[in-house]
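Chain nomenclature is as follows: A, B, C and D, assigned in order of appearance, with residue numbering initiated at 1 for each chain independently.
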Amino acid sequence: MNGPNLSVEIAGVTLDNPIVAASGTFGFGIEYSDYVDLNKVGAISVKGLTLEPRKGNPPSRIVETPSGILNSVGLQNPGIDHFINHDLPMLKQYRTKVIANINGKTIHEYCQMALKLQNTEVDFIELNISCPNVSQGGVSFGTDPDMVYRVTKAVKCCCQQPLIVKLTPNVRDIKEVAHAAEEAGADAISLINTLVGMAIDINTRKPVLANVTGGLSGPAIKPVALYMVWQVAQTVNIPIIGMGGIMTGEDAVEFILAGATAVAVGTANLVSPTAMLDVLEELIKYMENHDIDDIHQLIGGLVL
Amino acid sequence: MNGPNLSVEIAGVTLDNPIVAASGTFGFGIEYSDYVDLNKVGAISVKGLTLEPRKGNPPSRIVETPSGILNSVGLQNPGIDHFINHDLPMLKQYRTKVIANINGKTIHEYCQMALKLQNTEVDFIELNISCPNVSQGGVSFGTDPDMVYRVTKAVKCCCQQPLIVKLTPNVRDIKEVAHAAEEAGADAISLINTLVGMAIDINTRKPVLANVTGGLSGPAIKPVALYMVWQVAQTVNIPIIGMGGIMTGEDAVEFILAGATAVAVGTANLVSPTAMLDVLEELIKYMENHDIDDIHQLIGGLVL
Amino acid sequence: MKKRIISPIIQNIKIAHGTYKMTLFAPYIASNVTPGQFVHIKIPRDSSLLLRRPISVNGVDKNNGTIDLVYRVVGKGTSLLSKLKPNELDLDLLGPLGNGYKVEENIKSLWLVGGGCGVAPLKLAAQKWSNLDITAFLGFKNKSEAYQIDDFKNLCSQVFISTDDGSLGEKGFITHILIKHISELRPKLILGCGPISMLKILKQISERYDVPCQISLEERMGCGMGGCFVCSCAIGIKDSWDYKKVCTDGPVFDSREVIFDEWP
Amino acid sequence: MKKRIISPIIQNIKIAHGTYKMTLFAPYIASNVTPGQFVHIKIPRDSSLLLRRPISVNGVDKNNGTIDLVYRVVGKGTSLLSKLKPNELDLDLLGPLGNGYKVEENIKSLWLVGGGCGVAPLKLAAQKWSNLDITAFLGFKNKSEAYQIDDFKNLCSQVFISTDDGSLGEKGFITHILIKHISELRPKLILGCGPISMLKILKQISERYDVPCQISLEERMGCGMGGCFVCSCAIGIKDSWDYKKVCTDGPVFDSREVIFDEWP
């Protein structure tokens, strides 16, 4: 007998299954090919791209916290051109869908990147709007609904692929921001990005991260992420890619019940290279145990 | 030889040591007298009080999450009159300072409670402004700098004791809110309260908490709390009571280095009734190992 | 007085399907515990599991200073406990906690009604009040989940067993068997423990036949000391009840006072 | 090829103050590891500790399919490892990871310079290249922290030891001893591993005397596979460098390419 149906559609693109690699935690995919058959992953959101190559922040860039990690990579990446010419063709040998996670300092930069991605094999563009917007005095785009509207609208006008807007949790009301993205034409929402946090080395009295602060991810933030996904699911009509601390199939089920059409695995990839396949397998097992033959029977299935 | 000096002053009131019981996690203190010599705790912030007795939310009210807990007690308490007549006299048999944590649905209610506390032996009033403000359509007072200013100002006018304003982390910019509280006359700031979160039982498909959402606390949120305390310490000139996931003396040192004058222990009290004494002992050990003879040498001692 | 106790593990064995018995060295608790009281266990090793787990005391051996706990593996904490070996490490317990069952001097006969892991604390009651005339009604899902039946037979005048599938004793809920006997025998006091569905029926039965009944409630706990207000249960009379604390006001309550309608 | 391996613990013993040696059954790694490569270990039991810990391979026994790791207890993870007993559980490892030391065919003599736990991976180098003429310079804080000196003596032509306090070998930094010999002997290749302060001096020395030198760097890691970009170190030439990945581009780099100024 066949297993349950796992394929989901996001803005007209079909993913074989709802498991997505969260941006920044799975490189450009190829790094993991010793461990993972990339054909088995629904989609891969690649490391955050910028217009020019970026060195990123000085080390240390990571610190372990209780059931979480703080990172301050600072968007180290080889630049979007290198991605298009070098990494994308390698990744495109696999069935997995490719999400280009783009990061701009200005709206113009986002648009330039979207234009460069035209006529490439990229399946989705993911707008990461958590990074500080230099021209707005360092406040992150993603915390201001107006800015979210403007950047989404602008990129939507010049991008060919379906547009995913990735929300930051460092806001007062996630619904407001999600609503702004949908209004501006986003085809899907992904959330959450990391929470801002820090750690101090009490022997040196210095911050552990050279960048002082970092982004908190992992199981520690799962309850917050789940709440926000649920909130956004009640607000928008576009599909949601939920993430934040997903380590197991059971975690994935929670996010799907809360309203996510797909789920992304981030920190778990740092813990185990096969994390996504494990999550997928456990998700299938859960569905079989509960006689669920289509993932759509779970999406948004929370009972209040 | 004597140990290091641990006493700190907050708004003219001296605490024997900087360890405070976080509101809601240590009842009215007396519950713990089998385990803890209450004279040894710097201060106790009692369970959140309301004008009238409150039943609180239906069970389940607690769920464990990775390195954290979600709670949705819903401010069950016997009302401020019962506290003043019954609990306060018992607690006042001890040296520990008493912080009355008050919770109103309107500014008027906060003021009524502050007035009731006049001429009582309460040492501090702590304004918990994380609860939804009914007259403002359910948005929490604490997420809007204007409302924070107004409620703080109003209570400051009618309260006799030093006023601590307790901030919620569910905001975009904690500095803004802290600044508003200071401007309005707050004598101290305490932070952080819990982050909003949820958990789903994948077998019943229902939220685990009857109230659907709850507040996340414990080590999971420590990096976020520490970051916010550090941010606020750079913004205000009044003392800070830092909290969020403090389980050990080392955790306490991190918060003190980030700028907290005192630290509150919350979730750890649920894990171990002697948590505060353990934290205190470890703090002393750290100071001794590092030849620090006065806690003031640590406060704000982060090296950038 | 409640204490914090560091307790060596003497034995930890499987006694039924998914059910384990752990014997701990804890003389203070062995001497001071009342049936229905519980210990609050810190789960060792995995520091991501913050909360203690409440487990009732199942039996004591005052001479050896040991207590028995019987627990079902339902989640991460109990699964971790089930894997511990004797002397591998010491458990950190708080106890004895809560208010146990109360049997007045004038009571001569006692009915115990337990279901599933609710049978466990009743064994301590049978042990403590073994001088009384005890009738036990014990319900299990099936034969493989039944445990300690011989212990009850040794301590009680009469023991009735039922299983959902009839694989042991009578087939059906234990409350069905109870009801068959209650109209003729009219016991003076019932002590009950088990799943909420059973406790609801027990409350109805005891009210219908006007037999005093004490039941032990379960709720998710934090501190276990009355400090955090998370372990609430609705206690009082209809339209005039309050949330009481299972940890310090309970876990044992007079069944007439428990307002199950307020339970989700 | 990198693999994920579930590895039984064969032995886990203290070999010096704060320093442990763990022997694991991991035939695949024993057969495929190069000196300087490491395994990435999942810390068992405490699920609040998410990240794996990178530990270099210290020795191999291909016949028995075992590898040795030597590690210092510095924090929660290594402390937990140090308490594990043989056969208590299996460790989850990734490996062999990273680029190890490279010794070209034409090299006939080799100098190894190690400090503290940096001595550990050099033992595998001594083992692998024991047919060459090896001189080892090993520095420790004091006698009680020294380990595996006899092993080096068996594998190397000459072994120099120093300790900070002179309690074993010469007193002072090992780089001082190195400098005393380098001007006359001019080695063909130096392989170094140790604290960053030592590596900085090693880089200077090797540049001054124009001796090729490979050093192994440490940085906090995430994935260990090049996927997360957290393990950065500045590699290149002054004013034209990039952050490379310690996990896949390293941990071993040509010392001339390591830009220590960009290190915090």
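The rule we apply is simple: a residue touches a chain if its C-beta (ideal position, glycine included) is under 8 Å from a C-beta of that chain, and two chains touch if they have at least 3 such contacts.
As the structure is a computational prediction, the values presented were derived from the model and not from experiment.
Colleague: Tell me, please, which chain's centre (mean of its C-alpha atoms) is farthest from the centre of chain D?
Modeller: C
Colleague: Can you give the whole-Å distance between the Cα centres of chain C and chain D?
Modeller: Result: the chain centres lie 56 Å from each other.
Colleague: Let me have the rounded angstrom distance from the C-alpha centre of chain B over to the C-alpha centre of chain D, please.
Modeller: Taking the mean C-alpha position of each chain, the two centres sit 47 Å apart.
Colleague: Between chain A and chain D, what's the gap in Å when you average each chain's C-alpha atoms?
Modeller: So the centre of chain A lies 36 Å away from the centre of chain D.
Colleague: Would you please write down the residue numbers of chain B that are in contact with two or more other chains?
Modeller: 66-68, 218-219
Colleague: I need the residues of chain C touching at least two other chains; which ones are they?
Modeller: Counting only residues that touch two or more other chains, chain C contributes 47-48.
Colleague: Hey, how would you classify the chain contact layout here, line, ring, star, complete or other?
Modeller: Basically all the chains touch each other, so complete.
Colleague: With touch defined as at the start, can you tell me which chain D residues reach chain A in the complex?
Modeller: Contact set of chain D toward chain A: 1-4, 42, 47-52, 92, 94, 219-223, 225-234, 242-243, 248, 262-264.
Colleague: Which of the residues in chain D come into contact with chain C in the complex?
Modeller: Listed in rising order, the residues of chain D that touch chain C are 45-48.
Colleague: Applying the document's contact rule, which stretches of chain B touch chain D when the two form their complex?
Modeller: Spelled out, the residues of chain B in touch with chain D are 66-67, 219.
Colleague: Would you tell me which residues of chain B are touching chain C in their complex?
Modeller: 24-27, 31-32, 34-35, 47, 55-64, 66-69, 71, 73, 76-77, 210, 218-219, 267, 269-274
Colleague: Contact residues on chain B for chain A in the complex?
Modeller: 65-68, 70, 143, 170-173, 195-200, 202, 204-207, 212-214, 216, 218-224, 226-227, 230, 245, 250, 253-254, 257-258, 286, 301-304
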